[in-house]
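Two complexes come next, and they have one chain in common, chain A, joined by chain B in the first and chain C in the second.
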Partner chain A sequence: MTETQARSEPRNALDELPGELLMWVLIVSELLVFGAGLAAFLGVRISDPFGFAEAQDHLHRTGAALNTVVLITSGFLAARAVQLRRNGQRTMARWHLIAAMLLGGVFLWIKGIEFAEKAEQGIGVETHPFFMFYYLLTGFHAAHVVAGIVILGLVAIWDEAHIIEVGAAFWHMVDLVWVLLFPVVYLLA
Partner chain B sequence: MKYQSQKIALAYFAVAMGLFAVQVTMGLVLGWVYVSPNFLSELLPFNILRMLHTNSLIVWLICGFFGAAYFLIPEEAEREIHSTKLAYLQLIILVVGTLGVVLTYTFNLFEGNWLLGKEGREFIEQPKWVKMGIVVAALIFLYNVTMTVLKGKKTAITNILLLGLWGLALLFLFSFYNPENLSLDKQYWWYIVHLWVEGVWELIMASILAYLMLKLTGVDREIVEKWLYVIVAAALFSGILGTGHHYYWIGTPGYWQWIGSIFSALEVIPFFAMMAFAFVMVWKGRRDHPNKAALLWSLGCATLAFFGAGVWGFLHTLHGVNYYTHGTQITAAHGHLAFFGAYVSLNLAIFTYAMPILKGRDPYNQVINMASFWLMAGGMTFMTFVLTFAGTLQTHLQRVLGEYFMDVQDQLALFYWMRFGAGIAVVLGALLFIYAVAMPRKEIIEPGKTAEVPAE
Partner chain C sequence: MPLKSLTYAWLSLILLSGASAAIAVMVCQNAVPTMTGAATLLVAWMKMRVILSRYLGLWRAPSWRAGFNGVLGGYCLLLLGLYVIPVLAS
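Right, the complex of A and B next:
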């Protein structure tokens, strides 16, 4: 196309988004899905508050709290990696990304123990509506942690600053979703 | 027409429009069976008519997609189609297969035969030899267009179009897998039906729409591509797990009710984005393209797809609602407007745009073509409303009050009469459309001249 972008398109809010537009489309979509999932969870909970409260007592709250710290620390490291790369400290940025990935692994390990414990008690998806939502929401989230670790690995290899920023944006979304899930699923009395 | 091999599209469009005529005629006959249930019940029973109606729809839409691909890929890739011969061979296979299907269904030939007889699964009833033919034709097509694109210029439009067409062909392979277990059968069955129309076909739709917008409005390619990627991302994000909205009552675990409800509710987003895209491009565009009818079909497509697929789909996609409405006339209302809005209109838009170019003329019969749009769109919208009311009543009488199916059907007669009337409008519109694009005037009519001879 011969016409210049400037003539036809005044700068708008979309152009000022950090990272990549498509990543923001994904992030907004993910938030809509998890938001709808949590809303459905709270909606169904109204129909059976005692059953939900009783089921919730089977959850491992300390492990989940620990996981919150793990994931937020990991998010901090990813954010630092972007800064470090911008300052030209390439190796340091990579180490931060690797540390962030390792903490993601720790999160999954703790989560795995939690899931295994539930399975041992014979608690499955069909046990109670609470556990159906529990498995759906935290399971979907854990799948995103796996995807996030892969993405962090990729941006550690192709490590231009703006690419790391796109990866970090995804990782922060995974963080944010967990911070929303944790109180609603584990704590809300 | 810049490239000679674009001419292939003409043959595909002709076959598509022929089958389109067959499809709407069958639809009209079915509409009559609804008001007079014994009509043709011995000669061509309802289930056979319905198979012909739905199968010919799918086949002509796909023929249209193939034709559209052969038309736009040379222009986008800036080179001729890899092999013209293969393209025609592919069409011959498809036509022979289609004839085989029609004869097998109509006369119930080779009943029960593994290779030659019709199969029992709804929409994929085709005899196995036809299915194999479809796969061979699809392979020829994919080879042909992929070679063209690989050797030529790669654009976002061709990339997305190829992604959609590859998905279309690969997902069809599930039609060969027919598990004994009825739940599993249905689960895989939806991999074809759902992942086509709410997955990869949306990619085809978005890319063809993007091409039309590029040509008709003259907006920068860069802007069109940005929209295209966002639409495709939204379509795949919502559509793939949105398959879950078919898994509510087929024996799959209960969590599908939530996965299906949540993801399929988001399926409205890509359709809204496509509508917004089309209108924003027209507002931004500075080009005054002479083919106004193509623009009308493009905007109509995006709008009716949003309502038919998006809004009418959302209407009964949440499992709490679907528990009552499942399989009522609400589904028929949604099915009609969604297919018409999204995929029929899309095909008619690209036919309207491409036919004058393929024939090397100015856009002719613009008024007749636009009249056919309003006739078809009006008829189909009316039909959708009528069926929605019928479905609402049916849901209440049958599912809430628990009356018998046939007793309820009797009470819906008025709606079925109105639906038949709407069907007449659609069929007339379809015939008018075919006339408008296939029967060219010798020259374009100037507005001044028509004013002098108003009696014409």
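Right, the complex of A and C next:
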């Protein structure tokens, strides 16, 4: 094997992964945490499917569906920012990151309206086991959205291409969790 | 990856979200729970595939992409199993 071949071929399977290995460890960890939470949610539902269905009817499905579009569009802008920075379009990349952050803010605003509605109806974590999981899972996810917005802000300042890629990967993880959380909590009645 | 591929990925995610909305309407109309549950989780799995492959760049690592897709597909089947247990028990 020549030296050129050795350089061009991946050393091991981990080298194939795009971006930072630690970010992938974080992505897998978060998927495991949320995955366990969603499995527990459906596991507890077995004992009271009608109660869960009735509780789920109090959720705002349209708002949550809108939030899905908001988050995947935000992820699209973050992914574009990585490509734009690689192409040397630094200013455009920053604007894309700022737009992605703003859409993250829109997601939180819609989520805030949803939580406020529940509070007005007197629905809390102790109302029904469904709502305990609802607040736990969606609240924990919202905390990740806040963290993601901060990270996107930081990588918009320190905007080396590989740093933006890591920040965007965290944002895509938030996106990935939501596309699983939304159908399970909001749609599987 | 060209920006055009990202745009196609975004459009496919929007279309899949539209499919989720259509399924949600069926849920509200009391359609067969097993079918709507399977369709809901299938759409979610397809969305995750697009995000992993295009947004997170796993298209560059086919073996990892296949691994993630397989594990997440198996996990969705587990969720479907948990979801249909009450239906089968009744």
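In this section, the second predicted complex is superposed on the first by the 179 of 189 C-alpha atoms of A that agree within 3 Å, B and C clash if a C-alpha of one lies under 4 Å from a C-alpha of the other, contacts with A are read in each partner's own complex, and residues count from 1 in each chain.
Following the convention adopted for this analysis, a residue touches a chain if its C-beta (ideal position, glycine included) is under 8 Å from a C-beta of that chain, and two chains touch if they have at least 3 such contacts.
Because the structure is a prediction, the values reported are computed rather than measured.
**Student:** So, A:46: does it touch chain B (first), chain C (second), both, or neither?
**Tutor:** Only chain C; A:46 stays clear of chain B.
**Student:** Residues of chain A touched: more by chain B or chain C?
**Tutor:** Of chain B and chain C, C contacts more residues of chain A.
**Student:** In the overlay, answer first, second, both or neither for which of chain B and chain C A:121 touches.
**Tutor:** It touches nothing on chain B or chain C.
**Student:** Let me test your reading of the model: by the given contact rule, A:179 touches which partner, first (chain B), second (chain C), both or neither?
**Tutor:** It touches chain C, and chain B stays clear.
**Student:** Considering only the touch criterion stated at the top, classify A:187 as touching first (chain B), second (chain C), both, or neither.
**Tutor:** Only chain C; A:187 stays clear of chain B.
**Student:** Considering only the contact definition stated at the top, list the common interface residues of chain A for chain B and chain C.
**Tutor:** none
**Student:** How about chain C: which of its residues touch chain A in the complex?
**Tutor:** Contacts found on chain C: 1-3, 6-7, 9-10, 13-14, 17, 20-21, 23-24, 27, 33, 36-37, 40-41, 43-44, 47-48, 51-52, 54-58, 60-61, 63-64, 75, 78-79, 82-83, 85-87, 89.
**Student:** How about chain A: which of its residues touch chain C in the complex?
**Tutor:** 13, 16-19, 27, 35, 38-39, 42-43, 45-46, 49, 61, 65, 68-69, 72-73, 75-76, 78-80, 83-84, 168-169, 172, 175-176, 179-180, 182-184, 186-189
**Student:** Over in the complex, which chain B residues touch chain A? Could you list them?
**Tutor:** 219-223, 226, 229-230, 233-234, 237-238, 253-255, 258-259, 261-263, 265-266, 269, 284
**Student:** What residues on chain A touch chain B, complex-wise?
**Tutor:** Within the complex, chain A contacts chain B at residues 1, 3, 5, 8-9, 21-22, 25-26, 29, 32-33, 36-37, 40, 125-126, 132-133, 135-136.
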